[in-house]
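Take a look at the structures below.
Below, chain A partners chain B and then partners chain C, in two separate complexes.
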Partner chain A sequence: MNKPSRLRIVCINVVTWTIVLLVSFPLIWMLLTAVKPQSELFRIPPTFLPQRITFEHYARLLSDTPFLTYFGNSIVLATATTILVIAVGTLGAYSLVRFRYRGREQLATLVLFTYLLPSVVLIIPLYLLMVKLGIANTLFSLVLAYTTFSLPYALWLLRSFMAEIPEDLESAALVDGASRLGAFWDVIVPQALPGIISTALFTFILAWNEYLYALVLVNSDSSRPLTTGVMNMLITSFNIEWSLLMAASVMMSIPLIVIFAFLQSYLTSGFGVGGVKG
Partner chain B sequence: MTGISIFAGPGRTLDGRYAILGLILIAPAITIFMAVIVYPLVSAIYLSLFSIYTPTLQGRFVGLGNYAVILTSPRFWNALYNTLIWTVGTLTLQVLIGVGMALLLNQTILFRSLARSLVLFPYFISTVVAVLVWQWVFNDLYGVLNHTMLRLGIIDRPVDWLGQMPNAMLSIVFVGAWKYFPFVVIAVLARLQTIPEALYEAATIDGAGPVSRFFDITLPQLRDVLAVVILLRTIWDFKEFDLIYLLTGGGPLNATQTLPLLVYQEAFGLNQMGMAATFAVAMMLAMLVFISIYLAHRAREVAAS
Partner chain C sequence: MVAVTFEKVRKTFGASVAVEGLDLSVADGEFVSLLGPSGCGKTTTLRMLAGLEQPTNGTIRIGERDVTDLAPSERDIAMVFQSYALYPHMTVAENIAYPLKKRGVPKPERAVRVAATAKLLQLEALLDRKPKQLSGGQQQRVALGRALVREPKVFLLDEPLSNLDAKLRAHMRTELIELHRRLGKTMIYVTHDQLEAMTMSTRIAVMRGGVLQQFATASEIYRRPANAFVAGFIGTPSMTLASASHRGPTKLAVGGAEWTMPDGHVKSLPMGAALTVGVRPDDVLLGSGPHRALVKVVEPIGHESIVLIAAEGTDLTVRIAGDTPLKAGETVPFDVRGNRLHVFDAESGRRLNNDRPD
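Our next item is the complex of A and B:
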């Protein structure tokens, strides 16, 4: 390797990592703030690394605030939404990919259209509907509301994944005497499993992060999810405790960190199929 | 290839039976669609013809009256203007930073997969987390941004980043770019990896420098993916609610109030549901332009493949 190209590689590395660290700085700052004692936050000039590491904010978060209730609500909410959407979406996507009936193409376009629809258009009628049905202020109403964006998304993603499975595999099973649903269960589901996992992860993250529906449809602490719950902690506090809020932010990001650490390849494959091409 | 005949259907009855099975499989999805998307959508259009007071839900039919109000409503035009500024501003930054970052991450760098994960992270975290972190960074008294800029001598007194104009608009545009540029990175990076190396080698032999290689080879190859990315991001930025609502709440004095925030304020702040539905429908009509372009683009792509 000659000299200029080595210099080039060093330059590119330095530039790239500088930008990467700048991009991740707010998140690094969040982690650092969460373990600093409250008094250290108001130091001028501010300390970068904490002089004393404390986990008191995490402890207070769990014992003195409704954070755990919110966390539990979010787990239930995101899991229920994911299960519902994956069950309905897998069957629906299979139908859209492998069966021929009138209106199939229009249906596929409608799915894509609804995927791009703004939530604020649906939210007023949905609010009225939930009030009329008497289910406003429940997690169930949020699960229903979350299907408005996650079901079109999941259908679209799963449809793209399933379209890539060769039809020959399924035909072979049918020739061997399997029923259509038997072939679905034995051939399509295993083949589409990486796609199903990827879709499930995206759905979970979408539901976990959702804010607007939760803001409008739920206003009691017992069924508030994390997003509106943590914002509520900010709004209702007399003096804003930033380290507490940063600790809450870190805790709130734990599922994402777990997904990132172990399942990242599923996220990027979901992107390739559904996000851009689809 | 005899297996194909099973799908085409050797006889009408089998094909018909499969069609019914197909409909049964999609039925749950269609039911949910009807209940939570189609019904509310139609209902929103219907509501937009009424004047409704939210707490009592008492309505009065006003026909197209609400739409006539829009034409002369300064709040609507202000929100539309803000939406356009926000969308164009944040989208431009997202694309520029996204393409630049993708080009860098496509090079041989140390710990590339770690760098990639770190770059993607803002896209996946909750907007609530992003906003809390940025509000702390932007904090006027103890925020790290003001401190750093004071220290570097760029500013000589702390700046109010979210409470005055044009700072508030610049701040949301910037945070929006930070949160959503990874989408561009992922899409562009995936495409970059499929550009044949031979194209670059041939260009280098012909004496092309890095700049002309970028404009003559990379950019034309990225054209299609960038078109889709820009369309999708335009649609998503246009309807963004969380980030702006949580960072500035539309303030100061409605200077960052975009259309989704206007709808929310009208419905749940001013308690005028009918008018809010009208704003929402008008916003959807504006978005239909981009959505139709995207759907047409897809239809062309499907036809081509």
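Our next item is the complex of A and C:
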């Protein structure tokens, strides 16, 4: 095979980096704007790099606004949704893969039906349901609502991961003395960990970034997550607090970056290799 | 004392019958092989004994205890799987310790027993490794270790050697025989390899289509196969089975020839009864005799030669010690040992020889 020419390598790199910069430009602009002084934000001609770095916007965001309340709500909301989806999803996927009962395949297909409908169609009945349950305008109502659209995908993703796990492993655990649930915990969960982590990441991001359901189902500051809280706080018909908005955006991105950085190795490591011969 | 009993055990999967009316008793300390072709029900039988499959009908006992409806963890059995089924996320030590952990054995005692088992199977240097870092033979020993550490009543082994290369398989076969001799435990071993079954077993249960064909020692099965299937399945090279008909108390018509046998060799039969006659490769004598055959194929193996001859409509496999000067295309006289012929009913396959006790 011929080595690609130097010119070709340079062209590929130029094109690739151009795309990277174009895609990441909003992110870079967000980071830079968040540390620019207010006076520099709308200067003509605009400055790319800040002439003076300031953290005043972060300080104001944390001390003068209910940002931390919203942040805490989002953490609780995303974490609770993720835990619930993972708990129900892993057991549900295990049932779909390992147990034989009438209607199993139909049930697996049926759970995807929720994705055929647009969110706006489901939101009114969901709201009325939450009111009837007496949990309207609470974080718990958002947890339940987010679970309804995260769980089907979680079931399908986890189902495909669990189907790859050889049945012999569970059989061995049962013979070795484990109960059914014990075999699930000792064998299935560790083997399905990359799938569980992928599902958890997907669910967390979904719950963290969701806006429409949060807008409709919750309208008090004490229960608002970051998405609607920041919008409500910083964007009005007359004014957009760009500096605070950029600072808030940076802070909203941090948990996701941290989680990705921490969990990425689990996604790429070779779990399950070598335990079963042939 | 009986270690394991199957009483009229039946297993169906929908309309398909995997095991039919199995009656089998394994004595304490026996090494019993369940032998048969793929799909004969041997693995299903083993899994029912392990509690991984529920019998449709019948009873399974371990000792005096009816275990038919008991969970696998309550049966005091250990199992080695064909795939070894080692837990990939655990080290070798953790794999071996797992059954003890599940039974609440305290940690210090677990460590002692794991160390002892590792020493027995020469796994001491591998205790901190994960299964993916082990060779096939090492993985197999870890799977054995996990079964041994619990000291169960019965060991179940589901084709544990089938994933090993031929040389390692021969070595592990010897190790298993030695292990059984040393431990004296009841072992039930599933295999499709008759060499494994014949060399390792106290008795062999030959199965076909979910039905037990014969349950006897290797010698008995080889010398007195209960039916035509067992006769053709056991023995390498296989016994030649040919269509024949009864021509009198000492005569059989086989193809275009007439073979003789001693008077009283078979049960009383009507003249012309349709039969199947079986003859082992060792019982065909080339070089002299009343019959003539065309040599079709000569396969020199080294210590012996396998010769395929065509004799008046019947192909016979012959084993000759050492090399042979015979060449394909030659005509050779031959005879068969009449007192070693196996005669079966053509329709049912049932053995018709008058077998005298040893």
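Quick notes on this structure:
Here is the rule we use: the second predicted complex is superposed on the first by the 245 of 278 C-alpha atoms of A that agree within 3 Å, B and C clash if a C-alpha of one lies under 4 Å from a C-alpha of the other, contacts with A are read in each partner's own complex, and residues count from 1 in each chain.
As a working rule, a contact is a pair of C-beta atoms (placed from the backbone, for glycine too) under 8 Å apart; a residue touches a chain by one contact, two chains touch by 3 or more.
Everything quoted here is computed from the prediction, not taken from an experiment.
Contacts of A:M231 after superposition on the shared chain: chain B is touched, whereas chain C is not. Of the two partner chains placed by the overlay, only chain C lies in contact with A:G177; chain B stays clear of it. The partner of chain A that touches more of its residues, comparing chain B with chain C, is B.
By the touch criterion defined above, A:Q264 reaches chain B but does not reach chain C.
When the two structures are aligned on the shared chain, A:Q191 is found in touch with chain C, with no touch to chain B. When the two complexes are overlaid on their common chain A, residue A:P255 makes contact with neither chain B nor chain C. Touched by chain B in one complex and by chain C in the other are residues 168, 171-172, 174-175, 271-272, 275-277 of chain A. Residue ranges on chain A touching chain C, taken from their complex, read 166, 168-169, 171-179, 182, 186-187, 190-191, 270-278.
Those residues of chain C whose C-beta lies close enough to touch chain A in the complex are 47, 50-52, 71-73, 77-79, 81-89, 98-99, 102-103, 130-134, 136, 139, 146, 150, 163. The residues of chain A lying in touch with chain B in their complex are 9, 12-13, 15-17, 19-21, 23-24, 26-27, 29-30, 33, 41-42, 44-46, 87-89, 91-92, 94-96, 98-101, 104, 107, 109-110, 112-114, 116-129, 144-145, 147-148, 151-152, 155, 167-168, 170-172, 174-175, 180-181, 205, 208-209, 211-212, 216, 226-227, 230-231, 234, 242, 245-246, 248-249, 252-253, 256, 259-260, 264, 267-268, 271-272, 275-277. Those residues of chain B that touch chain A in the shared complex are 2-4, 6-7, 15, 18-19, 21-23, 25-26, 28-30, 32-33, 35-37, 39-41, 43-44, 47, 57, 101, 104-105, 107-110, 115, 117-122, 124-130, 132-134, 136-137, 139, 142, 144, 147, 151, 178, 183, 186-187, 190, 225, 228-229, 232, 235, 238-239, 241-242, 246, 259-260, 263-264, 267-268, 273, 276-277, 280-281, 283-284, 287, 291, 294-295, 298-299.
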